[in-house]
Amino acid sequence: MAETMLKIEDLKTYFYGDDGVVKAVDGVTITINKGETVGVVGESGCGKSVTSLSVMRLLHDTPGEIVDGSIEFQGKNLLSFSEKEMRQIRGNEVAMIFQEPMTSLNPVYKIGKQLEEAIQLHLKYDKQKAREHAIQMLKLVGIPRSDEIVNEFPYQLSGGMRQRVMIAMAMACRPKLLIADEPTTALDVTIQAQILDLMRTLREESETSIMLITHDLGVVAEMCDRVVVMYAGKVVEETDVYTLFEDPKHPYTRGLIGSVPKLGKNANRLDSIPGNVPTPSNMPKGCKFAPRCSNVLKVCLEKEPVLEKVEANHTCRCWLYQNTETVGV
Amino acid sequence: MQMLAISEHGDCGGVKMEAPLLEVKNLKKYFSINKGLLGRKKKFVKAVDDVSFTIKKGETLGLVGESGCGKSTTGRMLMRLLDPTEGQIYFEGKEISNLNDNQIRSLRKDFQMVFQDPYASLNPRMKVREIVSEPMVIHGIPKEERMERVEKLLTVVGLSAYHADRYPHEFSGGQRQRIGIARALAVNPKLIIADEPVSALDVSIQSQILNLLKDLQEEFELTYLFIAHDLSVVEHISDRVGVMYLGKIVELADKQSLYQNPKHPYTKALLSAVPIPNPRLKRERIILKGDIPSPSNPPSGCTFHTRCPLATEECRNKIPQVKEINPGHYVSCHLF
Amino acid sequence: MLKYLIKRLIGIIPILFFVSIFIFLFVHMIPGDPARLVAGQDASLQDVEMVREELGLDRPIHVQYFSFVTNILQGDLGTSLKTKRPVLEEISQRFMPTFWLTVWSMAWAVIFGLLIGVISATKRNKWQDYLGMFGAVSGISLPSFWLGLMLIQLFSVQLGWLPTGGMDSWKSYILPSITLGAGVAAVIARFSRSSLMDILKEDYIRTGRAKGLHENKVVWGHGLKNAMIPVVTMTGLQFGFLLGGSIVIETVFSWPGLGRLLIDSVSFRDYPVIQAEMLLFALEFILINLIVDLLYGVLNPQIRYE
Amino acid sequence: MANVELREEVSTQTTIKLDKLSNKTPFSEFWRKFKKQRLALAAGVFVILLIVLALFGPAVAPYSSEEFDYEHVLEGPSLTHWAGTDAYGRDIFSRIIEGTRISLFVGLLSVLLGAAGGTVLGLISGYYGKWLDSIIMRICDVLFAFPGILLAIGIIAILGPGLGNVVIAIAIFSVPIFARIVRSNTLALKSTVYVEATRSMGAKDRRMIWKHIFPGTASSIIVYFTMRIGSAILTAASLSFLGLGAQPPTPEWGAMLSSGRDYLNTAPHVTFFPGIAIFLTVLAFNLLGDGLRDALDPKIKD
């Protein structure tokens, strides 16, 4: 068995707003091994980003709160860490890149300063050495004229370049786990190809584990070893990337794969999932996907299925595959 | 510079030539940016730079390209939301690019637009009924007919009649886009310009809307100009596709030729850059170097030469002409 | 940056032009005959005509405007009707007291306003925030003249710690500058709170936290510098408020400044002085806003380097 | 496993549930947010009370504002005179009640005039742009170059002291404030996609302005309107305090306060109570404005 890097178990992150409790993440279990890239896929509002922010314990500007579960990083429970201990982890052992490269860098500070900040903090380098390391990191992510770029401001760079800077910043302290939240969604296709290529190269060189959050099944197929599919705050299916695309079990996963127009395949109509993603105030009682499911059973409306092994290395949360013994029906 | 699609699918002999619904000739849009103080050395952003194409009745033309390629600006000029700097637009054989605001107003009935952002394109202070009936009010359709039609339109786009008395914020993104489509259909348009109509939507919703657009096209004999950045989506919905780069159409062909047999190095790179949801598929990938240049300072010669893996000296100096290399397949590249 | 500066300076020209016209027309808007006004009610018709000629009021209006501007540029602002002394002399005597009063008030206002604003923004929805913001909304609702009188009553009359008015020692500055600065401090507090709160929602703040930075460094290092950009602009606008407020406050504290001169002049209908004061206040305000624009440029790298 | 029917059933169930839940008009949304802000709610009640006092003040007041009583001059607060008496033995509390009408009238009227003028100018300036915009905005710049109260003093210097002239003066310097807000809102709304969508349908300017742009600026106007009433009342009181507004014996709060200055050492209540009246009234309008701002959120949503 490979060394476990991150083990999220039964994580629950709830939002306390004006209209009551929103269960943004409601019992999520994800395991990431050393050197592995795990994709977390789902549509907007499925809780994938909140899961990643929970790992970093970065729910500051949300009304969110982790109410249950555990997040073990290299065997240590991050939820028991103090804020001070968390700061040692963030940007050091666990780093993060975000979706919006245009707004993720501080407009009033030079690129170099923003990189050096983390380097000086975690690697305890002096100013001179931090600067050298920053330049080296920028070179590594393929930024031309890196020794000049350190003295420039974010507005002088394009979106693709800024995302490279973000990656350089994240990789600067050689993290063991990189959380990438939709890192290419805001970028153009040709730039996306560049960034994905860069991430693959860096992964091979550094053996960093990656948690890749995305809605794009194409990106998943290209980047990931294993995939976790989320719907309405819960994991509905988890397996390796090949099985997911060749033998998806959960009706939602199947619908999702069928919904995507595929390049070169000329289908006249696309499969589509009817209805809309349920809103927090309007959560169905049983299985959250039941109202949109084409294989719905009576039991789906009453009781929620559990996430269960359907094959070795393949789990699914669906009554179609549920073991009757555990259910007791 | 000619880019008229006279023939299609090689069957031009049998079918008699039909005048295109829309014809665009050498369309340009330069935005001036004032640089300098008193000197007023004017600089231009060449958002659209010499674009020509035609759309036939009942077909879907896809315009695809990355940010800053001018695809949305082209759509806005066709809607006359922007005035072209140069060039002509013909609608059913009649030039409309020289009409003034008042003359264009009645013509707008035939052109309708579906916008990218379903949240921003509906007035949050209006009920769905008012939103959908607004084009009918503008074009003088009597009230009884409007009320009846609104409910019919809502059913057509997959909503219910009772949704008419709701406000937009009560709907999800996909439902709002349906409202937007109902509004576009309200005055029986001939041409619908859809500017990234599904890019703000979730995957499962995106396919619903794409299917809806296809169904409506059949039912109402609509013609679409479909503008998007997603190559797979454009392939799915279009009959012919134009690829834009920095204000120019670099390649235009029917869907099969363009996707199976792309000619322009940019089209090739673009197609190879799209991530495909199949983990077993290992492709030769062309990764373009560098960023997309700014349209305010486009490269000389062929605008793609800074990133083109096959660029030669000629590409740096000479602007390539559009050539028809196969019937209906137009490429603007020195290699051909 | 130089380009930006030049652009700003050029932008001022039309405003100055319109302001000068406005002030020039000011005297012409006064009901009645300005010449009669200057000459006095008992003056003979002949005298009035003489005054008219002297003031150039018999000339065409554009000629009058032109000489008005030339006179101003030469420092000739006319003669006070009340004291018969040159207006420039009257005003320059009164300038420094008002100047120092506004500077002190602004200093208070910025220090306390920012402090309250930042604390409220970081302690959002906690008691510190509620207290700070209730204080601030009270600050903008307090009639400054009443606050001044109450402070006099407490600190001068009851306790006898500070003088009731006049400008004798550093002690005389305390009450007027606090009174004048209170409103501005409240505005700055409210504005910097909302500005900082908006900034703290930005993506780059999250980036800072994800780097493992201490929360203090995130707020004071990454947040505040960005939040300052709109706050500086707004503070500049508040100078106008201060200048206006000084008119009232100087009356309350018998301060020998421009504001009291203005009120005295209004009741005496001393138009040359009123005219000159309006010009001076407008110029001051325009100048301050120019400085603010420059500061804005310094804070914003996009302007600084282009 | 063809469970299409069942699915339909489920969908219908959830739709019905959804329909019950959502009955949100813009007003109900506003009220839901507004009623949560207790301070603003209290301020609103206080403002209503003030309006009632303004309408029926003299009927409610215990004494007449012109009732001289030389037996009880400059008396402190007592059970018979809640806020004491002034130098002529008049009941200060009654005078304050009567002053409500003056202050509210001056505040409301001046801001109403200023807002009307400013809104029209702002809409024209923002919607039509070009040279009209330049001219209107330059004029606003000039008016802005003078601190508000200075401008008012200047105007009064021309027109002469008096409450009517105070109203005119405050209205004039309110115009550019509203013009700027409405203009910037108009510009933002003009570039929204839904206004563009309407334009693409062939709508005329009149429809665009009245159906789409003006309603969009309304919430900003309401918020600023409320807050400006507070500051207008403050300015009017300041001018009266300086002797440029209401003249004694009018029971205007600023004028009352001014007349109390001479007795500051011996009878501070003469200045204290009118000041409290001004403070509470202005505070109420400001708190109400804050609450309206938070509930209406005049920033244009995307």
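We call the chains A, B, C and D, going by the order they appear; numbering starts again at 1 in every chain.
One rule holds in what follows: a residue touches a chain if its C-beta (ideal position, glycine included) is under 8 Å from a C-beta of that chain, and two chains touch if they have at least 3 such contacts.
Chain-to-protein mapping (UniProt): A = Peptide/nickel transport system ATP-binding protein; C = Glutathione transport system permease protein GsiC; D = Glutathione transport system permease protein GsiD.
Being a predicted model, the structure only gives us computed values, none of them experimental.
Asks: Can you list every chain in contact with both chain A and chain D?
Replies: The shared contacts of chain A and chain D, listed by label, come to B, C.
Asks: From chain A, how many touching-chain steps at minimum until you land on chain B?
Replies: The least step count works out to 1.
Asks: Where the centre of all protein Cα atoms falls, which chain's Cα centre is nearest to that point?
Replies: D
Asks: Need the CA-centroid distance for the pair chain A / chain C, whole Å please.
Replies: About 53 Å separates the centre of chain A from that of chain C.
Asks: Express in whole angstrom the distance between the two chain centres, defined as the mean CA positions of chain B and chain D.
Replies: Roughly 48 Å, centre to centre.
Asks: Where the CA atoms of chain C average out and where those of chain D average out, how many Å apart are those spots?
Replies: 23
Asks: Multi-chain contacts in chain D: which residues touch at least two other chains?
Replies: none
Asks: On chain A, where are the residues touching two or more other chains?
Replies: Only 274 qualify.
Asks: Can you list the chain B residues touching chain A in their complex?
Replies: Those residues of chain B that touch chain A are 66-67, 172, 174-175, 202-208, 210-211, 214, 229, 231-233, 235-236, 255, 259-260, 269-281, 285, 287-288, 291-292, 307.
Asks: Please give the residue numbers of chain C that touch chain D in the complex, ascending.
Replies: 14-15, 18-19, 22, 26, 29-31, 134, 137-138, 140-147, 149-150, 152-153, 157, 240-245, 247-248, 251, 262-263, 266-267, 269, 271, 274, 277-278, 281-282, 285-286
Asks: Looking at the complex, which residues from chain A come into contact with chain C?
Replies: Spelled out, the residues of chain A in touch with chain C are 56, 58, 60-61, 83, 86-92, 95-96, 98, 100, 103-109, 117-118, 121-122, 153, 155, 166, 169.
Asks: Which residues of chain D touch chain B in their complex?
Replies: 19, 22, 24-26, 192-194, 196-204, 207, 212, 215-216, 301-302
Asks: Provide the residue numbers of chain A that touch chain B in the complex, in ascending order.
Replies: 43-44, 158, 160-161, 188-194, 196-197, 215-222, 241-242, 245, 255-264, 266-274, 276-277, 279
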